[in-house]
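What follows is a set of structures for review.
The two complexes that follow have chain A in common; it is paired with chain B in the first and with chain C in the second.
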Partner chain A sequence: MAKVKDTPVQKPRIGVYGFTGCAGDQLILIHTEDEILNLFAAADIRSFVMASSNPPEGDLDVAFVEGSISTEEEREHIQEIRKRAKILVAIGNCAVSGGPQAMFANDGSFAKRLRDVYGEVKFITDPIEAAPIDAHVTVDYYLPGCPIDSQQAFALISRLLHGADPEPSLHPVCHECKLHENRCLLLDKKLCFGPLTKGGCGSACPNHGLPCVGCWGPQADGNFRQHFELLQSFGLSKEEVFRRIKNYGGHKILEFIKDI
Partner chain B sequence: MRIIKMYKKFLEPFLECLGQFGRLYAPVRKNGVLTYGPIESISEAVFSDEHPLIPIKKLFHPMKFDMFRFGESGFQPDYSMVEKRVIIGVHPCEIHSLLRLDDVFMADPPDPYYSQLRHNSAILGFSCMPTENSLCTSTGTDIVEEGYDLFFIDLDQFYLVWVGSSLGHDMILCHDEFFEDEVTHEDIAKYVAWREKRNLAFKKSFAFRNMPDLMELSYNSEIWEQFGKKCLSCGQCSMVCPTCNCYDTTDVLDVSNKVSGRRERMWDSCMFVDYSLVAGGHNFRATRADRLKLWYTHKLKTFGKEYGRPSCVGCGRCVDTCPVDINVLTVSQALSAREVPK
Partner chain C sequence: MSKKESIHIEPLARVEGHGGIKVDIKGGKVTDVKVDILEGPRLFETFVIGKTPEEDLSLVPRICAICNLSHKFASLRALEKCLGVNIPEVTQEYRHLMHHGEMIESHSLHVFFLALPDFFGYDNAVAMAAEHGEVVKKALQLKKFGNKVMRTMGGRMVHGENPILGGFGRLPSRETLLELKAEAEELLPFAMQTIDILAGLDIPDHMERETQFLCMKPPHDGYDYYGDIILTSDGKEHSVEDYKKVIVERVVGHSFAKRSTYLGKPFTVGAIARVLLLGKRFKGKAAEAYKKLVNPRWYKNPLYNNFAQAIEMVFSLEGIIETVDKILQMETPAIAKPTRQSGSGTGGVEAPRGTLIHHYEIKDGKTAAADYITPTAMFLDDVEAFIWKSGETLLQRRQTENLELQFEIIARSYDPCISCSAHLVTVNYLDSED
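And then the complex of A and B:
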């Protein structure tokens, strides 16, 4: 049985914050109606941008942070949150990997891309290249997904409420894909990133005959070199495979593909 | 053993009648994939040579379920998935796989979930012709002698029906008039011809009996490294193998300040990196080569040492499934020829 500490006398103080992203992860939390009510009963929700305006800011036991950091102002704000929070959890692909806005991460073209899109304007706050939360502060736990999965999210939240360590998710999408009894798309020479991608989504895409595009981010044990070779044997170019996996791989994919 | 004869036209009404012995289960087609599931009427059942993608183990060793709920004052086991069932259309290799799983789950102390599911299920076997990758003649699992209540052998106009248990006998009584006790000389000739035709229909085989020795000799072979380079660690091989039986348990706590929650049990695979990860961060099988070696040594050698027979039942699913062609055929070929096929 999970090791749990004695029932806390004080309810844990929780804050939920959103940076650059679609706010879809906060929406998943709010839309899980039974659990969100339980959460409001079990925790002292100090700040939840989406659920209330004007939150009081103070020390926190846990901060959940959604979105990538893409302006100077956001960078200062995340550093300030980190100082106040005992535990910081990055939620959703943008916070974990940088999100689709980081698909060109570190390729040296940021200044040019910014100019191409916005022209020569003066910004209220200086834009910086979109990066995951852990590019700026230390992150204690990650909850990947685009958007996050409510079951996986509340399993982690309830662990934290009890002072227990969350279960890490170390299996590829293929695990859940087989439990859903899907025929493997690779056998039909379709580009599926399932073996390279963290599980937790319940194999949402293959369940509908669609290949996994990797939105849960890279699975650290993935056999990247062999899988790319296999995909190339289907007639895809290496560039095409790289381009596609970077869509959601953001900053996190770079270390896995740097030697390939 | 009683062997009786039934004309084909009686099959549907006979099976339909078995609903009184429990909920009917059979292979059905769902999104193009063959899968075992409950049926409302016999017309939904798919009787074919093809194996369901996920083997029959899922009906006895469920993929994912809650073992119990726990709270501050104790725990409450959950056996809600147990019901009387009649499982129809089970091929010989599947019946053999259940006998192998019995070795694991029914040994003292028995797994309460598995044994209750097993004790409440009738098995109605059906003969099949080999598919592209069937290997059951190699593994000696192409015919069954035990492990079924009734077994139907399809001889075109009629079935020869083996009655394998007293429950099977009671089932026959459901429509006694459908069955003939007299099996003629001609019927026997038909059966013999069917056996011969079937034996000749196998396209593939492997040196199953040599495997334990070859495994022993190849423990340090570089072949494992080469397979390890190819393996995607997707775990599909163990999910589809009818005798893989590992699972993981996780405590899912309630979103509350009380200590309460449920213990979830879910299929696991030794092909995943955290399978051999222990406290302190040490991993006994961090490399893919070591994981593959474990899988094959366990399947083709060690299981046999422990339970008297290796656990591969020759269903061919690993051959059908692995995206990079690592399976009992390629592994046994590599070990025999000392070369990994391209």
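And then the complex of A and C:
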């Protein structure tokens, strides 16, 4: 048997970056005190804007990126990060789909809305319509959520640190809602997006008797047509249902509803 | 030797957001100060148009994860005015509980992890832990407790849907409430110990200048974090519905956050403004803390904002104890319903870092217009003015070493919330050849 060489293991180099959003996803990482200490012990944190100072930027094994790309400066910055990172993970709904600021994706209203809020102003960097990370660079993994859930986040992070492929989560919110033995809100004819929404939040809203608003983004194998028909049978208009699912679906929802 | 001409700090460290400070110095004098907000535009005011109040309430916490419940609270206050929703007193108490939780969480993060390392001369709280381990450990416990209260009332720690128009989706059990009360009682001595730690610190004076203060006046004679009247340090009171006459906003090219003035001049909001304008109303331990810490320099020095936050941590811990006692005496509330489908209204609350205003116009159950003014959009002019003054004084005193750290400490004392924090600082010295 070959002799095992006694070489020191190099810790994976990690960067955490934030673009336009509410900072909630980075905040979820910060607020998990026990895990974050383990993370700092297991990885070489090169850049984590919310948690450590004076990072040496440079080549990265994994870059975690929060937020949508909403200015020219941000577009250049994400391209620069992509060049340095072997693996790039989009964390949170803004990075995955564009976030709430992308709810009007592709409807041509951005310039007008920008003018309505700011008037005619030339900014230091040109604003662009909010887009998910993958509109500008290749993304290797997606961690959905608004905000992300710490259990899902650390499951993905620990797999990446050990060189394993993270498995996509295939359950909709309904799955988690059933585990909590909640009464189905659809039985009471309430507008709930649980069947169409990626799980991971632990059915946070239905646990409080409140409908799922879809903030984890579309579940790829959801039966969108059938569910929209069900919601319309409750007396909701197609326009209202579409408007609501776009609140958090950003760019990603468009492909699921284009033929409906 | 070439002269330092322009100081550029970007990204700004240990603040919640992506921003930077540029200070221009020519001939030994400050000629320009700009706090840049580099975070992209989100246009929240445009995307609630045509939405129902419940959609608004779901969306607006996403303006900022750190103050997510203050945004929810401001929105609820505005929307309930619009739609004639009269919530029972006990629902108001549950909202106070949620708001106290957010204050404790945000203030403890800021005081212990963002600001105290500056006062003690460390790069961060972890480095501080070696010598002040017990303080850091207790501070973590305090922050976790704030989070727990937020999670209990919000439904999850960030962007919880539980607070709804007229009430809450689900209320905590009696056992949970008693648990929160017991934990608040346990943490109160540490909050008072923090007051003593701060009382022993020397605070620099190089930025001192007169400014104005603004906060919401509570609708009772105690201290609180909400109200329908805007109180200003010139002794004037203004209805919150007239907020646009009081807080005059403008847009600047170097920031996606708007700027504000009162009577054409910068003003301070946040814990220091509240404590200076309302602090005589404190009772109990908070009144003790107020007596120990407040002095005339507070009116000129933004660094005392961290001291004011520490007093508010005491107030909010006592507030939780008192609120739980009140709630336990009261009936479980029903969810209050709207009495009309159209109307307009303005909700004023105090977010951890200052006054937060949400204004709505609702027509036939849908939002026709919305306006939000956040604390950071109010105090950025003030930050620039204090940095300018600091630069002038330090140059006069020929203390030109590490100016950028002093400027950063000033900006950090406001706890600016630009949404996405930057702990890393890069400094560019642009040297002039002449």
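In the analysis below, the second predicted complex is superposed on the first by the 250 of 260 C-alpha atoms of A that agree within 3 Å, B and C clash if a C-alpha of one lies under 4 Å from a C-alpha of the other, contacts with A are read in each partner's own complex, and residues count from 1 in each chain.
As a working rule, contacts are C-beta pairs under 8 Å (C-beta built on N, C-alpha and C of every residue); 3 or more make two chains touch, one makes a residue touch a chain.
As the structure is a computational prediction, the values presented were derived from the model and not from experiment.
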Chain A as common anchor, with chain B and chain C clashing or fitting: fit
Chain B versus chain C as contact partner of A:103, first or second or both or neither: second
Touched partner set for A:254, first chain B, second chain C, both or neither: neither
Touched partner set for A:71, first chain B, second chain C, both or neither: second
Superposed model, chain A: greater residue contact from chain B or chain C: C
Touching partner for A:172 - first (chain B), second (chain C), both, neither: first
Vertex chain A angle, Cα centres of chain C and chain B, expressed to the nearest 10 degrees: 110
Partner chain(s) touched by A:236 [first = chain B, second = chain C, both, neither]: neither
First, second, both or neither for A:159, with chain B first and chain C second: first
Touched partner set for A:87, first chain B, second chain C, both or neither: neither
Shortest CA-CA distance in Å separating chain B from chain C in the superposed model: 9
Intersection of chain A interface sets (partners chain B, chain C): 209
Footprint of chain C on chain A - complex, ascending: 18-28, 31, 33, 47-55, 66-71, 73-74, 99-101, 103-104, 113-114, 116-119, 121-125, 127-128, 130, 146-147, 201, 204-205, 207-210, 213, 215, 243-244, 247
Chain C - residues contacting chain A, complex: 11, 13-14, 16-18, 36, 38-47, 50-51, 55, 58-59, 61-66, 68, 123-124, 140, 144, 147, 155-162, 164, 168-170, 251-254, 256, 258, 419-425
Chain A - residues contacting chain B, complex: 1-2, 4, 7-8, 11, 35, 38-39, 41-42, 154-155, 157-159, 161-162, 164, 167-168, 170-172, 174-175, 178-179, 181-184, 186-187, 194-195, 209, 220-223, 226-227, 230
List of chain B residues in touch with chain A within their complex: 30-33, 35, 53-54, 63-64, 70, 229-236, 239-240, 250-259, 261, 263, 266-267, 269, 272-274, 288, 321, 323-324
